[in-house]
Amino acid sequence: MVSPDAIVEVRGVGKTYEGGVEALREVTTAFPWGKLCTLLGPSGCGKTTLLKIIGGLIPPTTGEVWVNGKKVDGPGPERAFVFQDFALLPWASVLRNVAFGLELRGVSKEQRAEVARKQIAEVGLAGFESSYPHQLSGGMRQRVGLARALAVDADIILMDEPFSSVDEQTRRKFQEDLLDLLRHREKTVIFVTHSIEEAAYLSDQIVLLSRRPGTVSRIIPLDIERGRRSPDEIRRDKNYLDTVDEIWRVLKQYVT
Amino acid sequence: MLFLGKRIPVGFSLVVWLLVWELVGRANLLTIFPPFSQVLVAGMAILPTEKFSQAAVISLRSFAVGMALALLLGIPLGVLMARMKGVGRILGTWVNIFVSAPISALVPILMGVVGIGEATVVVTVFLFAVFVIILDTQVGVEKADRSLVEMARAFGARRHQLYTKVLMQSALPEILAGIRLGAIRGVKGVVIGQLLISIIGVGELFELYSKHFLMEEFWALVILVFAFAFLVSEAVAFLERRVEYYASAR
Amino acid sequence: MPRTSRVATRRFTWQLASFALVFGCWEIAGRWPVSAAFPPFSQTALAFLRMIADGSLPKAYLSTVQPLFIGVILCGIAGIGFGIGMGLSRAVEWSTLPILIILQAAPMAAIIPMITYIYGIGLTAKVLAVAFLATPVIVMNSYKGIRNTNPSLIQMCRAFLGTRSQEVVKIILPHAGALIFAGLRLGLAMGFIGVVIAELLITPTGVGDLITYHGSVADYPEMFAAVASIILAAAVTIHGLERLERRLFPLEVRGS
């Protein structure tokens, strides 16, 4: 059952790797436009695989992915990826790294620098344009990765456990900043994480995947009022806490 | 190393050794070691001579041409071997054999096929240098961070962009290391090639001085050639240091 | 067929293909009338067998291998000892490191004619040629092996009240073992180079002499066979040492 405002549709996607490992089986779901959806599930359930298939980085063994009414068969300008290990060019400055997606498209140097500077400021790294990755902390490096994805102005942002390589305090700040950043942009975000609280805090909708071979176990829409409430208030909201409990209940059966 | 409480840089020990050389020479302990000062004088005397400048020009020319060929052929071949597994497997065995083989054994063959002259020296330099350049280039490209390649593809990089913007830079530290080793071997190639042919270049001079036991001239030439090899190596090492900042962050 | 032996046979087939390809090209190139001095593979192979049969090749190898082994063993012992001394004592390091760095880059072959003029054309000259070429690399590798020991292991040893000699014997030496062995392997390669140059230049004995003699009487198949044999001999021994090195010092056990 596909909703009319779905921008990404996954139809019967399965993935079996060489050697016989079946990572995904018969995954069918849709991601609504303009919302932040999380792929959540136990370790090894194939969430990153599914994300990369949507991104066009891995071909599915069976099934198809449709984005904006067109079948996916490789990466495309309407989808931008944020990587778990940042994937920054270590020999390039922050400015060049953020502008990299535009550089690949042949955008002129002045134009890309302008766009890049804007995004660097948006993610809070103003002043670090000429720094190099090895001079930055993990958290700062991920901000560069995020700025890079925003710079190409794609409709869909795919985030692969983007905050798992940073410490807990930074992570919470990131989550809050991410929501701020997205508030005024019309982006669809598909987010992979293994943290229940992160999923509950950020998402409009959670897609729970089962243990390998991963398939859609539950779709949980979230009903937490964000509006002008402070992050700490949200984290104490009853709906938020109930959702976390419900997810844990479902996931527990896969872990124990 | 501390002397009278002050730190002395490591290079200083060379000066100490030169002093020892001077003393040993003056004491006439070993006839093969004349005092260093006399070696210096002999060195100054040969530098302006026509014979020396001719030898130097020929040797430098052979070195430059041989190295250029080794780079032009070696780097692309290394990249090809890393990206196309079939080529890598077929040629890999031979590169591995020749990278540590006594290539000087091939020089007599070269003399027969290419002739007795500069061309043989150029080919010798080429053969000495090319295999380590191929090998290190191959390793550098193979080790290129997969994550970066995936990222570039995710942002729409086409194949040539992958090579120019990601792979070559990522492999640069290894490629430069290979070039440094190749250059050192190249200098050996010039010397060995010319020694075996023995009628041109510095090889001829070494033969001459050795045969007539002109020890001052011999050691002066040794120092000159050794210094050249060291300078070439340091020049490439300088480039290596400039990319060091990202070599470990890959 | 179990997986590992399947991989092994596949690698073997590729190597066979590689040899067949090169020998095939050699055969064709030899028959092409480009140069009389370039015999085809078949003739070279026959000459090789002939020289084994009439004893000239084995006799030559006996003469070549002696100075090689003597030189490498003597330099090995002395070189390793000296390298360890450099690694353990800052004073020794200070006084000898610059010289060794220069010697490693230097074309030592320049000294070989002088050696033969001074020491004649016998075993001594050849051993010295091997020694001059092999020693720098053996010393440097032993030195680096000692110097690059993981400092946290040394700290750990001190924290558990180890003495300096325990530190050396139980931590530094085992760690340096891999590099010391590698140094020996490289030293052997340099030794091959030294003995070949010495034989090609002056001494009328050994494989080098075989090469120059047959070259001078235009017996090109024999000449090529001798050249190929020494290159093959070097390749086989060095490769053998590499496998031994990998068996004795597997990467996982090496530590840092």
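Letters A, B and C mark the chains in the order given here, with residues in each chain numbered from 1 onward.
Here, a contact is a pair of C-beta atoms (placed from the backbone, for glycine too) under 8 Å apart; a residue touches a chain by one contact, two chains touch by 3 or more.
This is a predicted model, so every value here is computed, not measured.
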Worksheet item: Linking chains that touch, what shape results: line, ring, star, complete or other?
Response: line
Fill in: Pair of chains joined by the greatest number of C-beta pairs in contact
B-C
Worksheet item: So, what's the distance in Å between the C-alpha centres of chain C and chain B?
Response: 18
Worksheet item: Per the centroid of Cα atoms for each chain, what is the distance between chain A and chain B, given in Å?
Response: 50
Worksheet item: Taking each chain's centre as the mean of its CA atoms, how far is chain A from chain C in angstrom?
Response: 54
Item to complete: Note which residues of chain B are touching chain A in the complex, please.
Response: 145, 147-148, 150-158, 161, 165-166, 169, 172, 243, 245-246, 248-250
Response to the item:
So, in the complex, the side of chain A touching chain B is made of residues 55-57, 75-77, 80-81, 83, 85, 87, 89-91, 100-101, 103-105, 132-134, 148, 152
Worksheet entry | Residue numbers on chain B that touch chain C, as the complex places them | 1, 8, 10-11, 13-14, 16-17, 32, 89-94, 96-98, 100-109, 111-113, 184, 187-188, 190-192, 195-196, 202, 206-207, 210-211, 213, 218, 221-222, 225-226, 229-230, 232-233
Item to complete: Could you pull out which chain C residues touch chain B in their complex?
Response: 11, 14-15, 17-19, 21-22, 35, 37-38, 90-91, 93-99, 101-102, 104-114, 117-118, 186, 189, 192-193, 195-197, 200-201, 207-208, 211-212, 215, 220, 223-224, 227, 230-232, 234-235, 238-239
